[in-house]
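The structures considered in this document are given below.
Look at the two complexes coming up: chain A is in both, with chain B in one and chain C in the other.
Up next, the complex of A and B:
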């Protein structure tokens, strides 16, 4: 039998590959976005620390920028370093 | 800007298991999300057992990046809490705050502080000194303060008893009647009049 495809719809789903469901800072779902953003996805990305804890980039930046001299991970209190 | 959605979530989450956790948090009155009131029940096996302690909670606009401001409203005799104004000496409410902490975990930390005073890092020097040098007196005072200030219902009962006694009912009868109606003054009066 020969099948001729006339039309097709691709459906994809995506999710962040984080260990937690929600961001420990804003408590919003990782698959949602931080309180300052409207749309989840590349505009409101996740970021990992050297300690492997993840947050919305916008959330951890607010925390890191408010901490002097040395910011710590909100979860484990280790020195915060962005995972390279 | 205060993260409103986080605060609303926290309120709901904290009160979900308040019967088990022994801590709860509510709006202070009105609809101002930045002014809240927490309660913690005194830990069992401490001089604070049986008391309910009210805590004034103010959220700075930078919350959760800045710690909540907490202060005991209920008077409490404890080395790390001012006996004058309820100010609290606890690291996580100061430089050890983390945005991963919540109002609930902060209140639970206060509850833990009641269980485990740190007299070497005091807020109230007089209390701390008593704690270290005359422990039995410290325990007795803390118990007395719990009795006098943190048991609002029992204090209320005393006043109700006195009021009804002044109306001419015998004290023993007033007490048993109040007990039978769970402290409802009006129902007790009705019962006393009809008996």
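Up next, the complex of A and C:
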């Protein structure tokens, strides 16, 4: 007897390849979304800073925009720079 | 009678002699007339005797004596004979019913004959009485008194006589006589009804050719009909004997019996056609025609009597005193109302008795419901309906044997049917209560409701008319219409319109219940209220949706999207948020899957071996775990070829979607595979675990369950459960192995070919992968709850150790007070109760008198 696979429909979950579980700003899970978003994933991406801390893009943008003149990372207080 | 003693004293002996002579003569004469067998010649002698007696003021004595003599004769001659006619019937009826049927014909002949005889006798006696009246008349003419007095005296005497006749007859009336009358009328009416039915058929046939006035032709027939004449004669005779009310009773009850059987015939167990109209037509056609004919016949005869002698019974005069034309119509109108009410009531009782069956096939039986509605409007006996329906519900539906699905379907049908009967929903509220209470006690209610909500066209039992999805749809349409209205109307205008539409609550409303929630009968709202809260329903729906989506082989989820849209409109967007994300995951997966496939370099097929599977075969559903219901992850060792594919797929995903990565849920999904035997191929769609099991048999045709479980990496129990799928299909054969609890599975090659052939024929069928209990890939809502509640178990145990025993609501309140930190206690009292009863059954707690305490 031989088994021929005609189609294999698998199930997987995605996750952000980040060190942390939750966003340090909104305290929501990275795999969820920021409070302003409805859909996780592409609609509410993560962003990494030069200090290797990650946040929801929307969260950190709000933070950066409110910090003048020089924004700092909310976690380590280093100068905030988007990781290239 | 008062004697004037002075007058007696003043009489001379001459006068006394005269009186005595006249009296003796009068007595003899009276005897001669009354018992004279038709010889009225003695009448002429009566006048002078009467005159002389009257002269002495003995008129009342004369009258009394004469009437008494009449009574004696009537009693001995006529009445005895009259009753004798019916004795045969009386003797046979109570014991030997068959006899009655044999001689059923005789009441009409005997009755007519007996009535004729007694009426003849009565007629004769009336003539005698007239002679006396004439004697008085001539005496009074001599005294030249006013004639007005004369008529008075005549009618006075006649009425006394009539009274006497009725009294004598009624005093000797045997108890079975009314029954005889009833039988007679029933028989006659049945004959008549068949005759009329025949006639109206004829009329219907001839109507095509000539435009005949329906009523006219029917009336014509029945007026001159022999049957009507017979009946009319009997009724008239009975009336003249003072049996007016009895005869009316008799033919009324005969008509009612006939009507009842007619209603039963027409309505019966037929719910798909309206019957009320045809019953009304029948009333118009048969009983009313009959009554009309009877009235006109009797009306004529009374007139005739009036003209000839002025004789009429005091009871009959009630009828004849109506002016000729109005009399029948008014009576007929009254009769019509009576009959229609009776028909409504009969039909209503019939329908109410069968209401359960009617509602079972509701959409088809709506004519019967319409009929019932009309009947109830007329009779107003709604409470009867409620009581009877509730009791039949309790007896037939709300039992352990009925499946929740059936109860729900019946509930929906009940709502729909009663909504037609009573738009205010008052009765529905009462009727629905036992069903609601019962359903609340069932565990699978939510599941069934969600299934009903989501399955647009259930392939199995139950018709699509019951589907709640349809209701959702309609609801949406209604809401859209209402929205438009809102846009046009300002709030004030709307309020004004509402105010104008206001109607007081029906009288039957239970005043202790508020009237706010009664206005609109919304099936969905009623069903959801069964569950208790919207959240529970949404949660259950989410679990079912997850189950469905995860077991899909392709990316076909249009119907789910549609259902979700409808549910969003009904339950609000925010509560369906998670479900929306789930569907969105599917949409994203489809896109991502296409992107990944596009990134595969198009290698030629020949490069790959037969056993290898290319990435083209692999599809993936990529989910956002946080928004899905908890998924039961089981580790399973996937064959390396497939595992390779999976990691390749994951790598490509990572390339496209950095910095996101995939975590495979290897036990979930669906696999379509083909088993290739030497002689035949078979296709299956199975869960991955099944595929993994069967693939192991490629290299090794026989496995013990222990070894196989170890190879696949799942517990032996799980393996045994899953492998039974293949055993059931006849692909694998099971035999007892060397160790007692070890089984050996072998490929059943060629062994049960017949069995396999059966499957091959149906190999296109989609095999459901989660049909077995406990195989669901998604934790059910109940299990979720159980999981969440276990956190609080420690709290509860601790509490009970400190306090000894606690009541349910105290535990609830304490948890609410102290468990505020993550995860906050947000369960309902019912959820806590079910959890606690779970602990009781695990023998961790005990419960007594509503108090929980630790098991010692």
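In this section, the second predicted complex is superposed on the first by the 81 of 84 C-alpha atoms of A that agree within 3 Å, B and C clash if a C-alpha of one lies under 4 Å from a C-alpha of the other, contacts with A are read in each partner's own complex, and residues count from 1 in each chain.
In the analysis below, contacts are C-beta pairs under 8 Å (C-beta built on N, C-alpha and C of every residue); 3 or more make two chains touch, one makes a residue touch a chain.
All values reported here derive from a predicted model rather than from experimental measurement.
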Of the partners chain B and chain C, which touch A:71 in the superposed model: first, second, both, neither? neither
Chain touching more of chain A, residue-wise (chain B, chain C): C
Should A:18 be classified as contacting the first partner (chain B), the second (chain C), both, or neither? second
Identify the partner contact of A:10: answer first if only chain B is touched, second if only chain C is, both if each is, neither if none is. second
Quick check on the superposed pair: does A:35 touch chain B, chain C, both, or neither? Answer first, second, both or neither. first
Which chain C residues qualify as touching chain A in the complex? 550, 552-554, 577, 580-581, 584-585, 588, 610-611, 613, 617-627, 642, 645-646, 649-650, 653-654, 657-666, 668-677, 683, 688, 691, 694-695, 697-698, 701, 747, 749
Note: in the complex, chain B contacts chain A through residues 3, 5-6, 9-10, 62, 64-66, 98-100
Sites on chain A touched by chain C in the complex: 1-18, 29, 31-32, 38-42, 46, 48
Please output the residues of chain A touching chain B within their complex, sorted ascending. 24-28, 35, 59, 62-63, 66, 72, 74-75, 77
